[in-house]
Amino acid sequence: MAQKNLLGKITEKLTESLLTLSGALTTIAILFITIFLFKEGFGLFKSPAIEDGYGLYVHPENPVNQLHPLDVKNMYDEEIINWNELGGANQEIMVFRIDDVFDYYTDEDLGENYSLLPEKLGYIISDHKNIIAYVPEEFAPSVTQGAKKVKVHNTTLSDFFLGKEWLPTATPSPLFGALPLILGTLLVSLIAIVLALPLGLGVAVYLSELADERMRKFLKPVIELLAGIPSVVYGFFGLVVVAPLVQKAFNLPVGETAFTGGLILAIMALPTIISVAEDAIRNTPTAMREASLALGATQWQTIYKVVIPYAGSGISAAAVLGIGRAVGETMAVLMITGNAAVIPSTIFEPVRTIPATIAAELGEAPSGGQHFQSLFLLGCILFLISMIISIVSEMISKKKTYKSL
Amino acid sequence: MKKIILGWLLILLYAGNLHAQRVKGSETVLPITQKAAENFIKSHPRTNVTVTGGGSGVGISSLMSGTTDIAQTSRRIKFDERKKIKFAGNNLREVEVAFDALAIVVHPSNKVSQLTREQLSGIFTGKIKNWKEVGGEDLKIIPYSRETSSGTYEFFKESVLKHKNFMSGIMSMPANGAVIQSVSQTRGAIAYVGLAYLSDKVKPLAVSYDSGKTFVKPSVESAKNKSYPIVRPLYYYYLSKDEAKVKNFIDYLLSPTGQKIVEETGYVPVS
Amino acid sequence: MNQKFKQKAAFFLFRLFSFFIVGILISILGFIVINGISVISWEFLTESPTDGMTSGGIFPAIVGTFYLVIGSLIFAVPLGVMSAIYTTEYAGNGFIVRFIRMMTNNLASVPSIVFGLFGMALFVNKLEFGDSILAGSLTLGLLTLPLIIRTSEEALKAVPDSYRSGSLALGASKLQTIRKVVLPTALPNILTGVILSIGRVSGETAPILFTVAAYFLPNLPQSIFDQAMALPYHLYVLATSGTDLEASRPMAYGTALVLITIVLIFNLMATFMRQRLNKKFKQN
């Protein structure tokens, strides 16, 4: 009898510790996500800006020793054409890639296993004072062979957050300017909220103040059904129906725009906004309503002068949660916003959002490379935004509880 | 109830099936691989071929991280990718499985029928902005591109743009099919797609690589006899240690039956 | 007079909004049902896709979704229910509980693509499960964990305290009380939460993009280390890839219809269960 009790006690204690551990589960998950995301993401700032295994080399007499990734890209795109724009001599820049070596030498000239390649590259570089050569480090000529390595700055914080060009696979040096992505995400979410908030608020008021029991029983499932439709289905609907409609209605060259994305996101955010706002409005004490009516106000005046201000914090929470939903949406946005990484000047242009970028590019980014890290950094931004939104909406709700006391 | 769940778990955990192989990568090669896999399974019942897209970059990246056995690509593997595989102690094998022509397409109502490489480069880098600059009507040019993971994107950049970057703000479509869809709906559109994706919803242009002396239209014949300038091989890459696993399927694809599938899908056979 | 007019206008507008919302739902559902119903057939539901995804069926995608849903529940339900038991029965009301609740809310608001990112980094790469049903299920399980926890907490809280005190008064230990009294009573509501999460998980695409999804599997997955097709991913590729988008379009509609049907059936099931259970509790 005593043994059974002991075994029972041990099992109990074990089970209880197991339960305690599972309680910590979500906290552990958040911790892990934070660690993984931030460790990988911030590695971007420590990685060399030039593609792994390659280097940039110039003539030893060239005064330029360091270059910014943006400069490198502009040089190779022929946007910067003279060395004096970078602090060098007044001469035209000659751009060279490893494949160009075959313009100077044949395969045999380079020896078996390309053993003569560094020497030949050295000749080419020393022959051209204005050259900049992008070659694999394995075959790079040394200083004695007539070349000098140029250091390229790492991507910095301001490069990432304020850079205007997102070219993650550009060679020789990719650019990770996330500003167009950040602005694209914000623009689409803004459009979504501007469309969804008035609509959602109106429906919430209707549901809580005006609708009879039958209407309510009918509308509630409708809203829940809207909430349940998967994101990819919304994307499909947007791609096949809404984008062509928008294109025709506004006479645009293309229907995949920020506006189209915002439109679909608004529909997706509506259920959240409606249910939270409706809860807030319903929780207004009847006493306040009756007092207002007793003073002679109409029902509508009561609503917009008394009820809505009282439910203000709840409504703000609804808006905040709606924004949160819109910002994190991936599939629908991927399919209908055109995915152009450009800072939008009007809402009728294609944009690229952060979630869509991650979804589109993650598969091809080699593990641990710069591109991979930059996508994690984008993930960090998303994660932070969602944390902030979650905390802010909680704080707003807490304020409400104190108020009602 | 518990027994049923346990039973299911055991079935699921059984890592059975010999000759299971995964092919991942290029959206361009995807139709070939899928059709070949379908037919291969029919004649080799104890095998399994998993096919996933995502783009050539995804394929090679997966080959490097070991999550695929064959990487299908529409571009040559890059030097640093080759190096990474070598550093990990593996040997890379490259097989050409088909040829593909890259067609330049516009909206069917577009009056322009031919462009030189220089004009194409200007259009896609954003320097040429209006169709009237190349002999068309006064209409803004809307270029479409593919995502950076696409081998088609890389090949176009290398061959037509000569390594220059696409204009910032160009629209990136996830796959060839989506490109066709968008071009067919947009009057000022211009895009590049694999030959197999041509349909009568879009109009292909004749291209000149010799500054306007000869213009050639894309077709399986002009790709075969190399008169069409934008032709590229399609590759399967695998690691030598997986040779036994993938040999059967690759040999099947290179056999006359397999190459017939290549041709039926709209690509150019290797022979 | 002016006020009455303003009220009439405002109320009319709000009524309009509500009908507008119904209209939106009808157009989305209608769009899919009308275009998809002609594609649905026994073959469509039981065969593999053929001819470059332009004919055949979507059976592997249905099976894949089924496996992923079961897999995610295997992880999320035991852990989620245990976590809920801890916070409602053991932890009291102090700082720790509020912190845990806040963390759960935070996890709930994380975008699905971030789960996909994390899942790929941890399960596919670091733990080297590769693209597999295992990695996908773990990622989806993590995604749905907050939902299960929340609904289980509500279910447990709804059990009257009198049940607990009665059981303890009869000499049972806390654990025995939970096992034999509280849990069974809360079970129907917990089940509602599970059903709700089935609906959610079936429709998720972003978390499975890089952890399990395959474009084409000629045979069904044989082990948890295999890749799988899944309905939402299948819809995505049908809508955007493939040589002949026009010809695959009917398949896409059919897939969308099957997906929506599954999702909506489970959502409605959960809603009705909840309504019925609430009535029962009110009666008590």
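Per-chain numbering from 1; labels A, B and C assigned in written order.
What we mean here is this: a contact is a pair of C-beta atoms (placed from the backbone, for glycine too) under 8 Å apart; a residue touches a chain by one contact, two chains touch by 3 or more.
Note that this is a predicted model, so its numbers are computed, not measured.
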*Among the chains, which has its CA centre at the largest distance from subunit C's?*
B
*Ranked by contacting C-beta pairs, which pair of chains comes out on top?*
A-C
*Whose Cα centre is nearest the centre of all Cα atoms in view?*
A
_Please tell me the distance, in whole Å, between the geometric centres of subunit A and subunit B computed from their C-alpha atoms._
27
_Intercentroid distance (Cα basis), subunit C paired with subunit B, Å_ = 35
*When the centre of a chain is set as the mean of its C-alpha atoms, what distance in Å lies between subunit A and subunit C?*
24
*asked:* Quick check: what residues of subunit B touch more than one other chain, meaning two or more?
replied: 62, 65, 173-174
*In subunit C, what residues contact two or more other chains?*
125, 240
*Touching two or more other chains - residues of subunit A*: 363, 367
*Where on subunit C does subunit B make contact in their complex?*
50, 52-53, 67, 70, 124-125, 128, 130-131, 133, 213-219, 222-227, 237, 240-246, 248
_Partner subunit A, residues of subunit C touching it in the complex_ = 3-4, 6-7, 10-11, 13-15, 17-18, 20-22, 24-25, 27-29, 31-32, 79-80, 82-83, 85-87, 90-91, 99-100, 102-114, 116-118, 120-122, 125, 142, 145-146, 149, 173, 175, 199-200, 202-206, 209-210, 232-233, 235-236, 239-240, 252, 256, 259-260, 263-264, 267-268, 271
*For subunit A, which residues count as touching subunit C in their complex?*
12, 15-16, 18-20, 22-27, 29-30, 32-33, 36-37, 40, 199, 202-203, 205-207, 210-211, 215, 219, 221-226, 228-237, 239-241, 267, 270, 298-301, 303-304, 321, 324, 327-331, 335, 355, 358-359, 362-363, 367, 375-376, 379, 382-383, 386-387, 389-391, 394
*Okay, in this complex, where on subunit B does subunit C touch?*
8, 12-17, 20, 22, 27, 30-31, 34-35, 37-38, 41, 48-53, 62, 65-67, 173-178, 180-181, 196-197, 199, 201, 265-266
*How about subunit A: which of its residues touch subunit B in the complex?*
51-54, 73, 76-78, 97-98, 136, 138, 164-171, 180, 244, 247, 253-256, 334, 338-342, 350, 352, 360-361, 363-367
